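So that you can tell them apart, the chains are marked A, B and C in the order they are listed, and the count of residues begins at 1 in each.
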Amino acid sequence: MVTLSAQHLVKRYGGVVALADGNLEVQSGQVVALIGANGSGKSTLSKIITGVVAPNEGQLLLDGQSVSFSSPLAARQKGITAVYQELSLVPEMSISENIWLSHEPMRYGVRLDRKAMQKRAQELLDLFKGTIPASLTPTTPVYDLTPDERQIVEILKAISQDPQLVIFDEATASLDSAQVTRLFELIEDWKSAGMAIVFVSHRMDEIFRVADQATVLRNGSHVGTVDIAATSERQLVQMMIEGAAALEREAREPVAAGAPIRLDVRDLTTEKLRGVSFDLRDGELLGIGGLQGQGQSDLLLAIFGAIPFQGALTLSGRRVHFSHPRQAMKQDVAFVPGDRGNEGLLLIRSILDNLMLPSLREFGTPLRMQRARSEAGAVSDDLSLVMASLDAPVNSLSGGNAQKVVIGKWLLRDPKLLLLNDPTKGVDVGAKGEFYKLLADLRHQGTAILFYSSDDEELLGLCDRVLVMHDGRISAELAGENVTRENLVAASMGATHHDASHHKEEPTA
Amino acid sequence: MNQANFRRLLARNSYLFALLLLIVVVLINYSRQDNLFDPSVLNRNIRVFLPLAILAVGQAIVIIGGGIDLSVGAMVSLCNALLVTWITPETAGGDILLAIGLVALVGMAAGLLNGIAVAYLRLQPIVTTYATSFIFAGLALTILPRPGGQLPSDMTGLYRRLIEVEAFANIPIIQDISILREIPPAFIVIAIILLLWAFLRQTRLVQYIYASGDNAEAAYTTGIPVQRIRLGTYVISGFFAAMAALALTMSLGSGSPTSGDAMTLDSIVAVVLGGTRLRGGQGGIAGAMMGVVILGVIRNIISFYDVPTWSQTLVDALIILIALAGPGFVRYVSDLIRRYRLQGGRAA
Amino acid sequence: MTTAKAKRGSFVPNFTSRLTPPLIALILAIVLFLLGGVISPGFVNANQAINIVRLAAFLGIIAAGQTLVIISGGEGIDLSVASVVTLGAILTFRLTDGQDALILPVLGLVMLVGAGIGLVNGLGIVFLRIPPLVMTLAMAGVVQGVILQVTRGELEGETPDLMRTLIAQPLIGPIPGVIFLWIGLGIAMWLLLERTPYGKMLFAVGINRTTAMLSGVRVPLVVVLTYAMSGMLAAFGGFVLLGFTDIVFLNLGGRYLFPSIAAVVVGGTLLSGGKGSYWGTMSGALVLQLINSLLQAQGLPEATQSIILGVVLLVLISIYGRQRAFRL
């Protein structure tokens, strides 16, 4: 039995307070969900508990005794470990080497026991049997793995340490629903075996499926802890956001009949896509759904010219074949990537520089800075970007505001076709609402929007037409009243259109 | 799929390209020098390569661990200066061993300075080791202001003589292969280093060096003492620099305050030729040693092909450039083919 | 947001945030100069100051291309600058052969040759993915080889008088032309980095190549162009250096190789790329030259000078060359 109690933890970075009053209590056989909007201090609290970050104030009690961890290793020796979202894997090493890194089974005390490492890694991989490809073996190098497979290795790595307490930090973000279901079954097993679990997540449905209690943080402070059985989604959301800005979504509306076709895609093929065809009209918000990694990113990247492809693209009636994003941009195409930090932003540069980046050539040589500044200012006003000034670095912004910069840099170019790759991933509830409103505004202005989201609710609430992808093809096209949760889920799992919808499936010869 | 397998094969055996290159250059050399494999000739060649080969081992370990060491050459100079200062033709056997031990400690202390600056003060490795190289070079110059000194002839002789293996003299096939009957001492040194590495490769320490070099952040959160590991790689490099200096001193028989300076950049080129990437986390020391031999044999070839004096530098540099470009060229062409296939025929 | 409030906070954080590395280096340079006066009286005077700035100018000009390459990231570094400097000087020496009229055409040719060498560096780095360190090192060997092959060690030619007059000798008052040239280059580099699309793209490429590509930046083009410019600026550096040295020798640029990197780093440009300035490099060059002059003025033996230089360099980079800690 183990009980961990975090009391009044405080963490400051320079003048910025990341965690003002962090409290959390969890014990063996219990799953506690740790929730809060972006920047509410969840990650900081998790990292203090696992010894990655040192707190400035407060104390950590393990079984009633005060402890302080000087490193992740020290926390692990007390049976505390974490499954990280920013992965802690070493790419050049194999799955088994990664799982056993720093607690390798040894032979004669000096040599690694590779046989034992591989045998036990296989046993761990078998826990997820059926949800991961059978081709994965303990000797597969990690650089060959997809994000969901890496996340699973990350989970197994934590479990291999026989921990007493595990923190899952957004560990389901890149898993598909079958993998999530399997993970929740395993969590039940581990729970009854006496493990204490802290589950950090943005996904409400998951919290209600797996957690016993929820601890809510807001602006770095503990708001309250409630029993899941005695609460509702609405109540949790209200605890997370001040003033309870409700989760209002723009009612979806059909496209004006006869709007011109902006984009026509025929037989698009890449390494992952196996012949995708569809069209998109001006002012339409076309959703793309399906499990993660079914080729949705490839589809958007290929249209944007960022990866090589084969097939016919027609943009406003003209055949195009972009081989670099620059060419797509000249035709008023814009792409908002899902991974802000790695694909969308230059974190140490100013907001102004980030907003200018795609439009630099338009500002001439030498750059007309006055014009750039006024245009960037206008866009950031439109987006109600909360910032110190345009010259502040982007990494001083909260997650939601940073995402606004990623979108804002394209609004500066007035795009006619907007490609969105899971833009609300990891964005808090309040910022999501503003984002939905922005999409509605853009539609009214006639912008064609192709919108991939891993959040089914979003697709259901916003789109009048949804393409569901499975294994590199469009497995179903849902429209009108067929856009239902049941159809979406069924098509995601690869069910044929007979079960999923009455709509005609595109031929994918 | 085939391409992925090929890539994996190369990734797992990063020295494959180096091995291929090594065979090619040795064959070219052999075509002009048919006594290349005579024990005495081989001994003369490998004896010259050995100091750099030892040095490249230390460099490779630092690079695998995610750093780089621009001070190795100056450390060799410093240790070379110390060796000829402490050992004279009159020095007794025991004192010679003591001197060698002390020099090894000096090398490790120099590495410790690098390691503390890089791992604990978190300074950028390139500029840090560049700065410390001035310190080491200055010390070398202080200790030995001008070239000189002399080692006991026993010591230099030890390095030059072939080691006769009596036991092999009567075994039918082996007795016909002269190089197995008379083995150059450098071979023994290389064999010991490779065997030791094969053993160490299976220990936690080396596993951690690879992990720290590949993804330091991940290694740290996993509980690996990354800073101590980094420090360790520089100390190891210092030790190998001292050993390289010993080999160099025994080979030259005397000392010079700048004897090792030119070896720094060669050691890095050798490591890269051997298939170790500069970003760390991958590669090995066998490749680095092959890289050294490739560099040496190229220089041999140049002299045996009667390349005019004024053209030697150019030919040497061009061959090295081509060798460095080799793996990238293969990859570039295979990428082009893949792209072509994707746009030409349907991808499977 | 908290940032809005923090901005209006006390004077101290505001002041420290303005104390950027280039400024620290510049203050350090002035302190060192005054320190020189304390240690060896007579060190501080106008002539000495001009002499030091003049010497720093050569290093600063040679380090200009290095600054761009290091900002471009991807382990970017250019070890071929020294050989290209030598080549630039030798070409100018030989082709002008002392004729003033040929200075401009030869300068054009020299810069073109330098750009060509840099171009090959860039192509090898981008398309063959050879690490910049070894690519440019091998290229340094090739350039040195070409010099030997072509000249066969016989360095014939002459430096045009006009070059000497314009570069090394006092031009306006006691100030030699090279200092004006350096200031001009500093302004040009600032414009290039801060007021052209190329400059902004260079920083973007140095910070995050995926973001840059997805924002429409042609990353390979920017990188290749940067190495080409480095080659061109190094060749220009050789041309200018000739005006000072008057004669050429085979290892003319050699002693500028690592100092060109050190000047960039001391000026606060990150070796990992994406952050830096040329004005930082200028301050860095001044600091390095001052340390050198100070050490020489003491009349210390070469060995001691070397040790002190190493220690001072270590101290300098430890002021702000530190990398991020794991544990926050």
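Basically, a contact is a pair of C-beta atoms (placed from the backbone, for glycine too) under 8 Å apart; a residue touches a chain by one contact, two chains touch by 3 or more.
Remember, it's a predicted structure, so these values are computed and weren't measured experimentally.
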| item | value |
| --- | --- |
| Far-end chain from chain B, centres as C-alpha averages | A |
| Pair of chains with maximal C-beta contact number | B-C |
| Centroid spacing, where centroids are CA-atom means, of chain B and chain C in whole angstrom | 31 |
| Euclidean distance of C-alpha centroids - chain A vs chain C, Å | 43 |
| Shared-contact residues (touching 2 or more other chains) in chain A | 52, 71 |
| Of all residues in chain C, the ones touching two or more other chains | 327 |
| Chain B: positions in contact with at least two other chains | 217, 220 |
| Contacting residues of chain B [partner chain C, same complex] | 68, 117, 121-124, 126-128, 130-142, 145, 216-217, 220, 226-227, 265, 268-269, 272, 277-279, 310-318, 320-321, 324-325, 328-329, 331-332 |
| Residues of chain A touching chain B in the complex | 52, 71-73, 76, 84, 87-93, 97, 101-104, 106, 110-112, 114, 141, 144, 157, 269-271, 308-310 |
| Parts of chain A lying in touch with chain C, wherever the complex brings them together | 13-17, 52-54, 71, 304, 306, 324-326, 329, 335, 337, 342-349, 353, 356-358, 360-361, 363, 365-367, 369, 386-389, 392, 396, 398, 401, 409 |
| Residues of chain B touching chain A in the complex | 4, 8, 11, 199, 202-204, 207-208, 210-211, 214-215, 217-225, 281-282, 339, 342-343, 346-347 |
| Residue numbers on chain C that touch chain A, as the complex places them | 1-4, 6-7, 9, 13, 191, 195-197, 200-201, 203-204, 207-208, 210-218, 274-275, 327-328 |
